[in-house]
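Note that subunit A is present in both complexes that follow, paired respectively with subunit B and with subunit C.
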Partner chain A sequence: MIRGVIIINDQGKPRLIKFYDYQPIEKQHDIIRNIYTVLCNRAENVSNFVQADSTFGPDTRLVYKTFATLYFIVIFDESENELAILDLMQVFVETLDKCFSNVCELDIVFNFSKVHTILNEIILGGQVVEMSSAEVVKAVDEISWQEKNKFSHSSSNATSGWQRR
Partner chain B sequence: MTSSSSSTTTSNNTTPGGPSLMETLFQRTVDDLIKGIRLHNPGSAQSSFISKSLDEIRREIKSTDLATKSIAVNKLTYLHSLHNIDISFAAFHAVELTSSPIFNFKKIGYLAASLSFSPSTDVILLLTNQLRKDLTSANVHDVSLALECISAICTVDIARDLTPDVFNLMTSSKNIVKKKAIACLLKVFSQFPDAVRVCFKRLVENLEKNDDQMLAATVGVFCELCSKEPRAYLPLAPEFYRILVECRNNWVLIKVLKIFEKLAKLEPRLAKKVVEPICDVMKRSEAKSLVFECVRTIVSSFYEYEFAVKLAVGKIREFLLESDLNLRYLGLQGLLIVGQHHLWAVLENKEIVIKSLSDVDRNIKVEALRLVMSMVSEDNVVEICRVLIGYALKSDPEFCNEILRSMLLTCSRNVYEIVNDFDWYVSLLGEMARIPHCQNGEEIEYQLIDIGMRVKDVRPELVRVGRDLLIDPALLGNPFIHRILSAAAWVSGEYVRFSRNPSEIMEALFQPRTNLLPPSIRVVYIHSAFKVLSFCLGTFLLPNKDANSSFSNLVDMEPGFTYSESEQEFTETEHGANSSSLHKKDMFTRESIANLLTLVITSLTPLADSHDVEIQERVRNLLGLALLAQQEISSHHEQKEKRIDWVGLKTYILIRLVNGALSEEFGPISSSAQERVPVPDGLVLEENLSKLDSICADVQLPISEKFSLVRPTYLPTDGDSLSSRQNEDESETSPAESTSLLAEHRKRHGLFYLPSDNNKNASTSFLPANDPDHIDKDVEDLVKLTEESLVLKRKPNQARPRPVVVKLDEGDRHPTIAVKKIESNDDLISGAVRDVLLGNEPLSQSNQLGKPSGRKKGKAHAKVDQGSELKDNTENSETGNSGKRRSKHRSHGKEKKHSDSGNNVEGREENGKEKSGGRHGRHKAKQSGGGIDVVDQKQVIPDFLL
Partner chain C sequence: MNPFSSGTRLRDMIRAIRACKTAAEERAVVRKECAAIRAAVSDNDNDYRHRNLAKLMFIHMLGYPTHFGQMECLKLIAAPGFPEKRIGYLGLMLLLDERQEVLMLVTNSLKQDLNHTNQYIVGLALCALGNISSAEMARDLAPEVERLLQFRDPNVRKKAALCSIRIIKKVPDLAENFVNPVASLLKEKHHGVLLTAIQLCADLCIVSEEALEYFRKKCTEGLVKVLKDAVNSPYAPEYDIAGIADPFLQIRLLRILRILGHGDADASDLMNDVLAQVATKTESNKNAGNAILYECVETIMSIEDSGGLRVLAINILGRFLSNRDNNIRYVALNMLMKAISIDGQAVQRHRATILECVKDSDASIRKRALELVYLLVNETNVEPLTKELIDYLEVSDQDFKGDLTANICSIVERLSPDKLWYIDQMLKVLCEAGNYVKDDVWHALVVVITNASNLHGYTVRSLYRAIQTSVDQEAVVRVGVWCIGEYGDLLVNNIGMLDIEEPLSVTENDAVDVIELAIKRHTSDLTTRSMCLIALLKLSSRFPSCSQRIKEIVNQSKGSLLLELQQRSIEFNSIIDKHQNIRSALVERMPVLDEATYSRRRDGSLPVNVSTSDKNSLQNPNGVTKTFNAPLLDLLDLSDEPAPPNSSGGDFLQDLLGGDILSSSSHTGTTQPQKSGTDVLLDLLSTGSPPAQNGSSTADILSISQDNNSSVSALDSLSSPMPQSVHIAPTTGGSPIMDLLDGFGPNPPVPKDNGPAYPPVVAFESNSLSLTFNFSKQSGSPQTTNIEASFTNKSSDVYTDFIFQAAVPKFLQLHLEPASSNTLPGNGNGSITQKLRVTNNQHGKKSLVMRIRISYKLNNKDMLEEGQISNFPRGL
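On to the complex of A and B.
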């Protein structure tokens, strides 16, 4: 299964942290520090895999990809295929790109919960549930619409939500 | 910021009126919070901003207005997840939000819950009802939120209470809900294994559908389950087989391959059946991920099928020739797996592997190194090590050490199994020490000393290597190799008799730069100097013509001194050394000895007041000897021609004693030596220490004469394993038996026991390295072994036979790690799965798998009587001729398919869903329970697969 999905920037600041088995928050940050140390010591244009046995137990590895200023990291065990996970990351990034039209680090910084929404449509409980970014975008749009619309029903100041769309 | 329509900011200025109007009007949004954090420099400014915000949030969160509360909770979630803030105080508020009918609030509540709740969060209990409500909601996204939350924070209670609801969702008409429900099951199963009984059939049904999305989710779950306890899922092999042949979805196929990788190891007949479809997939697929998965499956589970392996190796080669580093890396990994069974595949790609050693990518280099090491054999070890040393010199420090480490590890495996030429190996060790980045000092130190003790023939070369290291002043400046120098000093002192020029070693040991060494190593230097000096004085003073007689002279002179037999042996066995020191005698003139003594005294005097007690003590010992010798030898200056006169000197006597003591060799000590020490006389075991029996009674002495050289640190672990073994056997030996066993043992291995009379030299309590009774047999075996291997292999290039390597207990240096136990929950899951698959007779099933779990029995699903009856039958059939069984089964299976189908209605299979004939038959076998049917029950793979 997938053990975790992490986005950190090239300064080591976390932008998204999602673990699929419970990790105390202090440990999460330790893990991220360790990962960052490993990743920033790697040269550019090398392979994208790192063994993660020391942190996540035997046969776990980590695959990362850099997009602009961000490291996208997925941690997974032997039940996943390395190359398929790389594809999955591509799907995730594509989806982010579609949802934020030309995603940049700031989008991810300021849309903390939306990024989680997107991720939750792709992976649930460490299992991949959707590989098509079109489907994910559809679901996320629906959710956004519901967030705004349902809210607008109950609040007096409704317009701000859909005016932006 | 781009056009991002941030969902989190929507509630920015949308505050309804009410009592908290002022409060909410000026509430910071999540965006404000993030901006604020970004404005403040990381460090104290930022953390004070955060704590100020936290104070605000604590106020806001108490608001009766849900909008205010939701923003507060959302901010907390952000702070918790990315800024490491404890928000356990807000747990209840998160639960409160989830119950809101407004989607936005609900979503914020669930996000907070799934990111911040821990298994110990007590308000989780309050969430169960809301989760149930949302699972049955008409809004798919409500359901999604609930499922996501369950998968993140599932506890035993939640799993148990919500199993029926998740189960219902598995038949939902909405795919988005259905696949999430399936994915969520995994967490539910892991918390509450009994959920398997409810959900499993419906899960299996999904395998039969042709919807790729459902299939992907379902095989994903099975793949996870299989990785824990594959055997339980063997009966589903037909379903997986069908998917393997029919499905075209890469994601699904990858997971199915992973499942077969596990299953095929358990059932060779299954392997035979699926290997061809896998090859087909491998041939036709364009997707690298799928091809690689095929390769990995074949090389790890189907390596017996030559054609498949050939195909896989071909694909691996394609990967290796790719420009994409990821593919090359994976290719090398694949090659490493093949190499375990088909070394030819590695050798075929040797050039690529060697070339990869200098790749830019560290991953690739490391894999290549592992592959290179896998090619090492006794024929090519010299060659490969030469190449690797070359690479080590060129590589960056980290990889250089990686290379050295794997060389050291490979060469020392199984007590230097692959090393034939130890002279070469110790000089290689010396060479490694000189590599500038070498950080493996500790291992090299260990091996230098270890080889010195185990392999007699190599000692002259060892001393030469040690000398070369010692005399190089440059090495002293590198703290990483101080440990190696310590070993070099030790061997130079211990085996100084092989040295061509002992005074040179003495000079090296006292060179000025030795003050760079840490005290612990300096101590070794000083003690080695002591040995060297004693040796030099001994050679100079003692008449060597017939060492034995001089020893007996000594005995006459010194009645208090007795030397043990083993010492005498030593002088005999070391005859070669003696004869070499015979002509060394000429090396030492009175002048050279005098110079040596001056060197010792001048170098040591400043150290005599060292603050380190170890150094001080040793320095004083050595100084005492040196000063005495200097005084006496120079005072006899005038009588230089008469050698006999030395005999009267104190130095002469002293040196005799000291050399006698030093000549006692450090032998390897058997790891069971401790147990060979007898219980002292007068200790009545039965009375006051009756429990001691259980400890001493059946201490197992090694059956063959195997020993090991154990580092003291490993002894305790050895002891642990021993005591656990004893506990198992505890009941078997009675006290009387044990004492008689001890007595008998003592008779046989008298040498290992401390002598009861105290006048013997205590040194016999250690096992002397060259003890004839014990080592000789060992040595003989080894000699025989090496001879055999020589005859077999006929290596013309091997100039001389492999020297004898003293081995004690095998493999004791690295204690074996206890086998990891399977988690009890996994056990329970697979137990439940077996029950479901095989018709709910847990006992007989668990027996069939040879793993009756106490806990499961306790769970009392069992029809115990029936089960135990079946058990016997199962065992019988298991031992029977398998071929016969198979044919028998075939006929029964078919027969029953027709004749018993009536019975089936009353069975548990309400859905009548049995597609696979095999499973069908087996279920019935279970239900009719006994006799011939048990044979069928054994067959976990249905007919048509075999």
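On to the complex of A and C.
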């Protein structure tokens, strides 16, 4: 099971926090601080895996990958395959890239609810829903369409937070 | 309504927060926003609820409290529109805890949305339920989710399957409801649905034994076929990653097969072929392919033994180890660690590659590899592996040396084939990484060295060389200084040369140089300097010609600010100066330290005294205290009034600590030296004193003295190579134990001669036995006294197996001749006589003194009597 997905930037600022077991917000930030300390002290040419036993209990592991200024971090237990999780992160990033056409940190900052929705189409309750980024993009596009077309249902001056704003 | 804040768009708020230069500014912006949102909440403002919650989620991510927004989530979820519901559900998943009461209120909305006509809204509800469902919600909503497993749209079926996992984890009783729907989902062609169905199936198998049995019987074959198709399928472009057909599906299939095959030979049989196919056909030049291979290896390792497959699997891991990708090497090492318990032989074959990984540039890989090597070492490969590791120690990173050193030491201690090898390897480690060696490791080395009497000379010479080259390694300096102090005479005289050694010419002054250098080096700490002082004191007696120089060196510490050093310096100075007569006895070689006792104490089964490292400067480190106390005891034993035969070691010690001339030296850290002194004393006594006599001592002491095994083995090992003469050669060391042992050997008869007459004395008398000594002197050698001991039995029973043993201090030499008989008749009806010859090296200065021990059998019961004889006539 995947325990959590975190995106932080190279300054340690959280950009996306998603835990699949409830963690109080203070704990979340402790965890992020710990992870950030570990990650920014890691050398370049080392593996992407870190033991996470101390924060998440026995046999939990953490995989991270850096994309430009961001660390993508997935925390998971022994029932997941580390190498496959690396591929999963690749799928996530590819999907973001397709949805935001050339994703950058700012896209994630300003559209965090969309990023959450994309993530929900890939991982649900700590389990992988979909590994094909084409399928995910399709699902996200359909949701976008819902946002626009059901607009009439909501009051006229509400903002969707989804587009343009 | 506050037009300003409610009017702020989400984007503007994020900009404002990002523009903040300090945390305080950011807090101010957030506070203002939160205030506005609270106001909107209390106004029950519908228009901006959606936007406000989005803002709150952002604020939440930054770590600010947002509990006041929880009800807003519920209101948004209850709203009719998709955008509201989407944000509402997002907020629900991020802001709410499954344990909160509020969550109960959402169940109804969820139920409605699960039945919504809009499948996207159904999707939102499933996603939220799958993330935060509580047990109550799971019970309430399970029927809806179960129904959705058959929904027409595959996207909903996928989500329903994963949502079911949450449900059965929360309420395992519900598992049986899902078994049949899953069985039909497993027949799906849609990759995404199949993937999620397999995950649900795996979790069902974990929570329910019946489900596992069911799937094992009904679905194993089908799943094997799906995997076979996936491996052989030529094309499925949308799921391809790097040219491999749907790797994630293959991984999930391998995982479910692992669960089904584990512990079941039939199911395992079914999957053998396909596993072999995956293992051989999968391309390993991409991460995705390796992920499949990795999963496949894990499955092969977990299912029932299938002969060749395991070898195939471990060979895959072996290939992984030489992969350029760090991640692949890392997982391979992890997996090998698990595999070692399943098929150690197969893993051994990759030893060389694993050893290479110890030298990897990636620290986490090095660490894993080292752990693995540690598991791989056994009696047969310990020598080459240790050599490799030690060679690598020279070039390894500083921060890796600690781990590496600890592992090497542990391997060497655990598996060394002989002492010479052990000492050699440890010296190498000390030279390379002495500063990383834990105290208990070099303490153990010292214990081993004292026990290897034939290697004393070799060891001290090797250490002398080592110190020259590795003077910056504290541990090598300490062990070296200790050994030079103990065995300095062997060093300069090249005694006990081994064939492998190069001759070494060291003068007495050279040896002292080494220690002087060590004590003066500014990086030496208190422990090292104290050890240096002890070594100097010992050398002052071993090298009389250097005595004056040593005294000067010792004197230099007289003004030391460290109390311990100052005190030692002053005391030792006075010993060298004023107590010439006792110095040699005082600085005798350490008695052999009992290995068993040390290792037990190290393992923690004995109370830890001084043996463990303690940086507290008031406590004397192990080696120092022992060297110090043993001579003290010798001294005390012989200069005191005759002690009662039955007095225990503890009493001697009390005397010592009470008011002896050197007692002041023990007063720093009084308890510590006292304890260790007791130990040493008991080490000495352990061969001698029967347990009963130690009644007054502590439990700790009893446990040592009752340890007959260790003392007996010590006797065995020591008595065989010993020369039969009582003359104590320097190489054999000279503890009282050894003197005792000498008594066992048969001795050549000594011609009787007439000398000056001395009155006979009753040397020993107990209720059952009396011993009389008759003395005679050999003409021409006033130092030598011939003693005829005669034993009389005062009881009415016959004593059989009668053995008399005696021990003398260093300045005396003792020959025991065979006794006239080993049976002593009762009622004084005859006696046993035995001749002794004592040579007093300090004739005229000291009188004779002797400890005796008499053992015999009375009605087949072992009896033992002991005593000390100090009433020898003067002038012997």
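One rule holds in what follows: the second predicted complex is superposed on the first by the 151 of 165 C-alpha atoms of A that agree within 3 Å, B and C clash if a C-alpha of one lies under 4 Å from a C-alpha of the other, contacts with A are read in each partner's own complex, and residues count from 1 in each chain.
Just so we're on the same page, a residue touches a chain if its C-beta (ideal position, glycine included) is under 8 Å from a C-beta of that chain, and two chains touch if they have at least 3 such contacts.
No experiment lies behind these values; they were computed from the predicted model shown.
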Contacts of A:Cys104 with subunit B and subunit C, given as first, second, both or neither: first
First, second, both or neither for A:Ala134, with subunit B first and subunit C second: second
First (subunit B), second (subunit C), both or neither touched by A:Ser144: first
Subunit B versus subunit C as contact partner of A:Asp87, first or second or both or neither: both
Touched partner set for A:Val38, first subunit B, second subunit C, both or neither: neither
Which superposed partner A:Asn48 touches (first subunit B, second subunit C, both, neither): both
Contacts of A:His29 with subunit B and subunit C, given as first, second, both or neither: both
First, second, both or neither for A:His116, with subunit B first and subunit C second: both
Doubly contacted subunit A residues - partners subunit C and subunit B: 14-15, 17-18, 20, 22, 24-26, 28-29, 43, 45-50, 79, 81-84, 86-87, 109-110, 112-113, 116-117, 120, 124-125, 127-131, 139, 142-143, 146-147, 150-151, 153-155, 157-158, 160-161, 165
Subunit B-facing residues of subunit A, complex: 1, 14-15, 17-18, 20, 22, 24-26, 28-29, 42-43, 45-50, 77-79, 81-84, 86-87, 100-102, 104, 106-107, 109-114, 116-117, 120-121, 124-131, 139, 142-144, 146-148, 150-151, 153-158, 160-161, 164-165
Subunit C-touching residues of subunit A, taken from the complex the two chains share: 14-18, 20, 22, 24-26, 28-29, 43, 45-50, 79, 81-84, 86-88, 90-91, 109-110, 112-113, 116-117, 120, 124-125, 127-132, 134-135, 139, 142-143, 146-147, 150-151, 153-155, 157-162, 165
Footprint of subunit A on subunit C - complex, ascending: 9-11, 14, 18, 46-51, 54, 57-58, 60-66, 79-84, 86-87, 90, 94, 97-99, 118, 120, 126-127, 130-132, 155, 158-159, 162-163, 165-166, 191-192, 195-196, 199, 202, 238-239, 241, 246-249, 251, 255, 287-288, 290-291, 294-295, 326-331, 361-365
Touch list for subunit B against partner subunit A, complex: 1-17, 30-31, 34, 38, 67, 74, 77-78, 80-82, 84, 86, 101-105, 107-108, 111, 115-116, 118-119, 139, 141, 144, 147-148, 151-153, 176, 179-180, 183-184, 186-187, 213, 216-217, 220-221, 223-224, 227, 250-251, 254-255, 258, 287-290, 292-293, 325-330, 360-364
